[in-house]
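In the two complexes below, chain A is the common chain; its partner is chain B in one and chain C in the other.
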Partner chain A sequence: MTGIAAGLLLQLGLGALAVLSALALAPALRSLVGGIFGTLIAVTGFLTGLAALLGATGGLVIPIALPMDPLLLAPDRLGGLFMLIVSGVGILVSLYSMSSTRGPDASRTAWVAMPVFLVGMQLVPAATDSVSFLLAWEIMTLGSTVLLFADHARRSTVASAGIWYSAMSQLSFFFILAGFAVLATASGGTSFTDLQAIEPGSGAANVAFVLFVLGFGGKAELVPLHVWVPRVLPEAPSHVSAAMSGAMVKIGVYGALLVCVRLMPDGPAWWGIAIMLVGGASALYGILQASVSSDLKVLLAYSTTENMGLVFLGLGASMLLRGYDATAAADAALVAALLLAISHAAFKSTLFLGAGAIIHATGERNLDRLGGLGARMPVTAAAFGIASLGAAAIPITSGFVAEWMLLQSLIHGGRLDGAVVSISASVAMPLAVAVIALTAGLALLTFVKAYGIAFLARPRSAPAADAREVPPLMQLALVLGALSILALGLLPGPIAAVVATTFSTDPTGAVQAVGLGGVSLPGIGATLDPVMLVILSALVAIPVFVSIIVSAHRHPARTIDLPWGGGGSRARPRMQYTATSYAEPLVRVFDDVLKPTRDVQVTHVAESRYLVERVRVEQRVSDVIETRLYRPVLNLFQRYGIVVRHIANGSIHRYLSYSFVALLIVLIVVSL
Partner chain B sequence: MNATLSAIIIALVQVVLFVFLAPLLMGVIRQVRARIEGRVGVGIWQPWRDVRKLLAKNPVRAEDSSWMLRAGPVALMVSSLLLCVLLPLVGTIPFPHIPSDLFVIVSVMLIGVVALALVGLDGGTAFGGMGSSRHMTVAALVEPTLLLAVYALSIPAGTSAISVIVETRLFSPEVIISPVSVLALVALSIAIMAETGRLPVDNPGTHLELTMLHEAMTLEASGRDLAWLEVGSWLKLAALLGLVSNLVAPWGVVTDFTLLGLAIGVVAIAVKVLVLGVLLSAGEIFLAKVRLFQVPELLAGSFALAFLAVTASYLVA
Partner chain C sequence: MFETFYPQLIGLCTGALLLTSALMVWRHSLLASIRLLGLQGIALAALVAVIGIAEDESELVFVSLLILTVKGLGLPWVLAHQSKASIKQIQESPRLNPTAALLAVTLLTILSYVVVSRVFGLGDTTTGHAAPIGLAMVLIGFLLLISRRRARSQLIGFLLLDNGIATIAFLTSGGVPILLEFAISLDVLLVVLILHVFAGRMRTKFGGTAVDQLRELHD
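The block that comes next holds the complex of A and B.
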């Protein structure tokens, strides 16, 4: 038995043990044991994925009773990379959940579902045929759905979110199933090697491509299939949202890569353009919604749509450029897309865990009621801050490296040896750069808002003022997450070099590690060495620090209640800017896209209409795509349901007459 | 001479020169404005005196403010100093492994933008938050112009390394007056005006809080905190003006290290930055600050120019 087979088998065994222990144990022990088992599963998956990524072969054969080939789980390098991503998030989430879960989140059902979810996510990238892929996919979806419903009894929003999630994930599943069915019919086999025989330009391939993009795009939260995200991720327990956003969404990305890079590479140019369009639209729409959101978890959920949009933009650019033989730029774009996925897994799971820590400490996820948490929860603040920098793509985090590489591949993609590759590329590349730039700019605002409003200044409510730091295990998960973001950002070279092996046998022409963990793109002549950048900034900072020390020695700081208060001596915490007011200019600028509804109620003093007693302002930004696209369809179904209810009103006589008529019709048809 | 050593010397000279030059540039800008408006003015050395005064004061901090009020100004200062190191101002000899990549430079600048915005929020007052919110909105909308202008500039040189771009312009000056380059430069200049809080986006001389962007964020800072914020912003303006001047007129910049060349490079960049400062100041006399909600229109215009520059360079060239 090979190492990979042993690793996969061990995971399945640990998963089964975890399920049994969750069923058997008393509530007090359940979280602890469940968390330990989760960590073990994730560590096993991490090692298995690492082995597969570094080129180990072998797999687990699962014979089945049905008259078909046995299922084979044997991750290739790409699968190994995604197992690594998923289990990395799994480790953080499992450590965190040991002390974060309480009440309904720690119920028996929830702890049974957790290992199922974790193992399911790891099996999808290990699958080598469409049957085991779909099976693992459904295990993953089932686990996540049950976890989501954990708190449905207390909060009605959870049930609604759960229904949206179930409907949308089954829709995704349907598209993927249909896609595999089309490919299997055309190629005559179900294993991925059989499916690779398909001619990428053929009709069946085109149909399958569209179905796959719809299916995997839905899982990867792309517009317009993202509607479940802003409902589900905020309502799920925070460790589950972290696992969903950090890991499960990546499985959607894996699916897209499987189709576009492994099964049907070299597709027609419109495939790349279609993926770029979907990705670009998702990136812009996601970050725009995130930037105006005041609910911390909704903000993070929409930002996931943005990040996945960027990943797909990179993937689409790489497909388009490969079609024009701009191989160096295409490889760089694909590495950038993979790095974006990795870095997103690191920073978004840390952000969701951080949001969970805030909820744990204050019970609030509305940014407008937070503030001043930096002094009260220093570890959470530091981890959340680093993760925010990652999400805003600021050096020296992982997000920056990935975005830099994507931009480099795009600006060098339009030309090959000085000649313009094609008209479509010369329009697509500048547009893509513009989309990334606007996205990056808005992400900057979004995460300055999220961090600044939650952690700086003064508490805006009593629970925020009474917040205490979370338990040590939760802190540990947050710190590990933050460290991984910095490590990915400081040492991009070796990581990018390994990542490039997932799709290329000789990646040194595309990506190389140089200097102190720096990355170089020899094909397009660009280099980045974050460690050197850090050293350089440390050097220029020395004189500043020396003068600060000298000045601090001579002129110590004074602390007073409030220096200016903008002219008033009694500025209260309520007078601070809130998240809503912070995003107000942006809501105005993008009024046409966001279509906010405002409701202003002015209450006058009883004695005089000239004196105002109270002004109540309510602003709601709804999801335009949901109200314009989904609502009409749902209304149609609802009307259909009302009509059908008249036909089926419960009367037994009516049903008997229906059967009689049906029988008559059948007899008539048969006799014809 | 060894390339690494000459790169280090040039970087050192650039930092020292710009730390000296930035307050002087502000002094010149204010003095020119005062003279044109018919005032006597305070003299070109006043910013220097202000900084010295601020560094010798006890900083006053709000009770609920966090470490951000201390660290933010330093972060802004360091990011501006890094700009002075990375941009080819005196010479175009880059550090090994740190090519002066424009995307990296923009990100380094964004560190300062974020630090300033967080300082604005940390005071816990309405004005700080207001300034921070507006500042970030403008920064977000400037970003597309900035990166597309970088893209357009990178096309003739085939790389986004700014030192190579400047060298290309130095050795083949016809690139500078090509329509693509002119469009990109205009777009870049508008973006830089917005990014450094100059008219018509922000009024640096305002004393009315409601119209403030930059000033509103620094209201709560005092003593050395304020000094770093001010010097950091001035340095950023000086370095970016230096970048524009070297893109428009790259002559005098050091490409092969000699002591004479270095001296010429220092004088050339100082003169170029100060001349650009005078032009900026004179130009600002004729401008009024536009309404905050008209700024996006201005930036959309500059974005269109930058986009035109990129596509034109593909389709025309």
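The block that comes next holds the complex of A and C.
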């Protein structure tokens, strides 16, 4: 038995043990043991994924009773990379959940579903045929749905979110199933090796491509299939949101890569353009919604849509450029997309875990009622801050490297040896650069808001003022997450070089590691060495800081308080910026896209109309796509349902009459 | 001797089956329906016995005894297992009036003759000629199912349907294997017992077994 097979078998065995222990153990022990098992499952998955990524082969054969080939789980390098990503998130989430879960989140059902979810996610990238892929996919969806429903009894929003999630998951699954069915019919087999035989330009391939993009795009939260995201991720327990956004969404990305890179690598140009369009639209729409949201978890959820949009933008650009033989730029774009996925897994799971820590400490997720947490929860604040830097793509974090590489490939991709590769590429690439630029600017604004309003300034509510730092295990998960973001950002070279091996046998022409963990793109002629940058800027900054500190020590501190204090001494928490007021200019600028509803109520003083006693402003930004696209369809279905209710009204006589009439009609028709 | 009587015996038995079916639609009293069901069971048993003697199969004679016990005596006894005084009072108020119901029975019988003769052909054998009766019984049983309100009256419709299926089986292919016949009979007996207990519980809980009134329970 190979190492990979042993690792996969161990994951399955640990998963089964975790389910049994969750069923058997008393509530007091359940979270601890469940967390330990979850960590073990994730560590096993991590090691298995790492081995597969580094080129280990082998797999686990699972015979089945059905008349078809046995299921074969054998991750290749790409599968290994994604197994690594999801299990890395799994480690953080499992450590965190050991002490974060309380009440219904720590119920027996939830702890049975957690290992199912983790194992399901880790097995999807290992599948080598469509049957085992779909099986693992459904296990993953099932586990996540049950976890989401954990708190449905207390909050009605959870039930509604769960129904949205179930419906959208099933829609995704249907599309993927249909895609595989089309390919399997055309190629005559279900294993990925058989499916690779499809001619990418053929009709069946085109149909399957559209179905797959709809299916995997739904899981990867792309517009317009993202509507479940702003409902589900905020309502799920925070460690589940972290696992969903950090890991499960990557499985959607993996599916898209599987289709576009492995199964049908040389598709027509419109495939790349379509993916770029969907990705660009998702990136812009996601970050716009995130930037105006004042609910911390909704903000993070929409930001996930943005990041996945960028990943798909990179993937689409890579497909388009590869079609025009701009291989170096195409490889760089694909590496950038993969690095984006990795870094998103790191920073978004840390952010969601940080949001969970805030909810754990204050019970609030409305930014307008937070503030001042930086002094009260220093570890959480530091981790959330680093993750915010990553999400805003600021240097020395992982997000920066990925976006830098994506921009490099897009800027240089339109030209090959000085000549324009094609009209469509030379139109698409600058547009994509513009989209990324706007997205990056809005992302910066969004995360300045998220971090600044929540952790800086003064508390805006009593729970925020009474916040205490979370338990050590939750801190450990947050610190590990933050460290991984920094590691990915400081040492991009070796990571990018390994990532490039997932789709190319000789990637040195596209990506190389140089210097102190720096990355070089020889095909484009660009180099980035973050460690060197840090050392250089430290050389410049340290003398300046030292001189400032020294000169500050020479002058004694002023001890007399000014009586008036420049007005600052009487500032109240309510006078500070809130998340809503901070985003107000943006709402005005993008008024036509966001369509916010404002409600202003002015109460006058009884004596005079000219004096105002209080003003109450309420602003809601709803999801335009949901209200304009989904609502009409749902209303149509609802009307159909009301009509149908008359036909099927629950009377057994009526149902029997239907079958009797049907039988009579059949008899009459056959005897005619 | 038997050879000459054989077609007439088959005709008599199937005629009895059809007649009891039609009477079941006509009569509203539950007790009468149950008695008719018993008669029908006896007629079915007789039919099977006649076929068994004609084809010289001792197995079929054994089956006919089984049918006589289960359908002719067992099921009616289970259904009527209640004080005779109370069951006599149970009157069905069906959704179809007797005239319309009997007209429907006529049409269904004609339809089944048309269907069988057009689709399968009546064949040359005596039993083949009688086969439409089985289909007619199935359709009449269905009619009872949809036109009766009480749970136990519907149960009688279901049993009539089952008798129809058995009749078709015996007339066209000399019956199903004995093991299967045995299992089906036991199944039907079990279903009737369960539903009987249910109906009894429903009556004590809600005071009636009109299925329409039970619709409110599902909310």
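Keep this in mind: the second predicted complex is superposed on the first by the 648 of 672 C-alpha atoms of A that agree within 3 Å, B and C clash if a C-alpha of one lies under 4 Å from a C-alpha of the other, contacts with A are read in each partner's own complex, and residues count from 1 in each chain.
Everything below uses one rule, namely that contacts are C-beta pairs under 8 Å (C-beta built on N, C-alpha and C of every residue); 3 or more make two chains touch, one makes a residue touch a chain.
Remember, predicted model here, so these are calculated numbers, not experimental data.
Asks: State whether A:Asp331 touches chain B only (first), chain C only (second), both chains, or neither.
Replies: The answer is neither, since A:Asp331 touches no partner chain.
Asks: After the superposition on A, what does A:Gly650 contact: first (chain B), second (chain C), both or neither?
Replies: Only chain C; A:Gly650 stays clear of chain B.
Asks: Could you tell me if A:Gly414 is touching chain B, chain C, both of them or neither one (first, second, both, neither)?
Replies: first
Asks: Would you mind checking which one, chain B or chain C, touches more residues on chain A?
Replies: Comparing touch counts on chain A for chain B and chain C gives B.
Asks: For A:Phe660 in the superposed arrangement: first (chain B), second (chain C), both or neither?
Replies: The second partner, chain C, only.
Asks: Should A:Ile668 be classified as contacting the first partner (chain B), the second (chain C), both, or neither?
Replies: Second partner only.
Asks: Just chain B (first), just chain C (second), both, or neither: which does A:Asp129 touch?
Replies: Touch partners of A:Asp129: none, neither chain B nor chain C.
Asks: Given the complex with chain C, which residues does chain A contribute to the contact?
Replies: The contact residues of chain A facing chain C are 649-653, 656-657, 660, 663-664, 667-668, 670-671.
Asks: Which positions of chain A touch chain B when the two form their complex?
Replies: 291, 371-372, 374-375, 389, 392-395, 400, 404, 407-408, 411-412, 414-415, 418, 420, 423, 426-427, 430, 433-434, 436-438, 440-442, 444-445, 448-449, 451-453, 455-458, 514-516, 518, 525-529, 532-533, 536-537, 540-541, 544-545, 547-548, 551-552, 554-566, 571, 573, 575-577, 581-586, 588-589
Asks: Across the complex, what residues on chain B touch chain A?
Replies: Going through chain B, the ones touching chain A are 15, 55-68, 74, 77-78, 81-82, 85, 95-99, 101, 103-104, 107-108, 110-111, 113-114, 117-118, 121-130, 132-134, 136-137, 139-144, 146-148, 150-151, 154-155, 158-161, 209, 219-220, 222-224, 228, 292-293, 296, 303, 307, 310-311, 314-315.
Asks: Applying the document's contact rule, which stretches of chain C touch chain A when the two form their complex?
Replies: Interface residues on the chain C side: 95, 111-112, 114-115, 118-119, 139, 142-143, 145-146, 149, 211-212, 215, 218.
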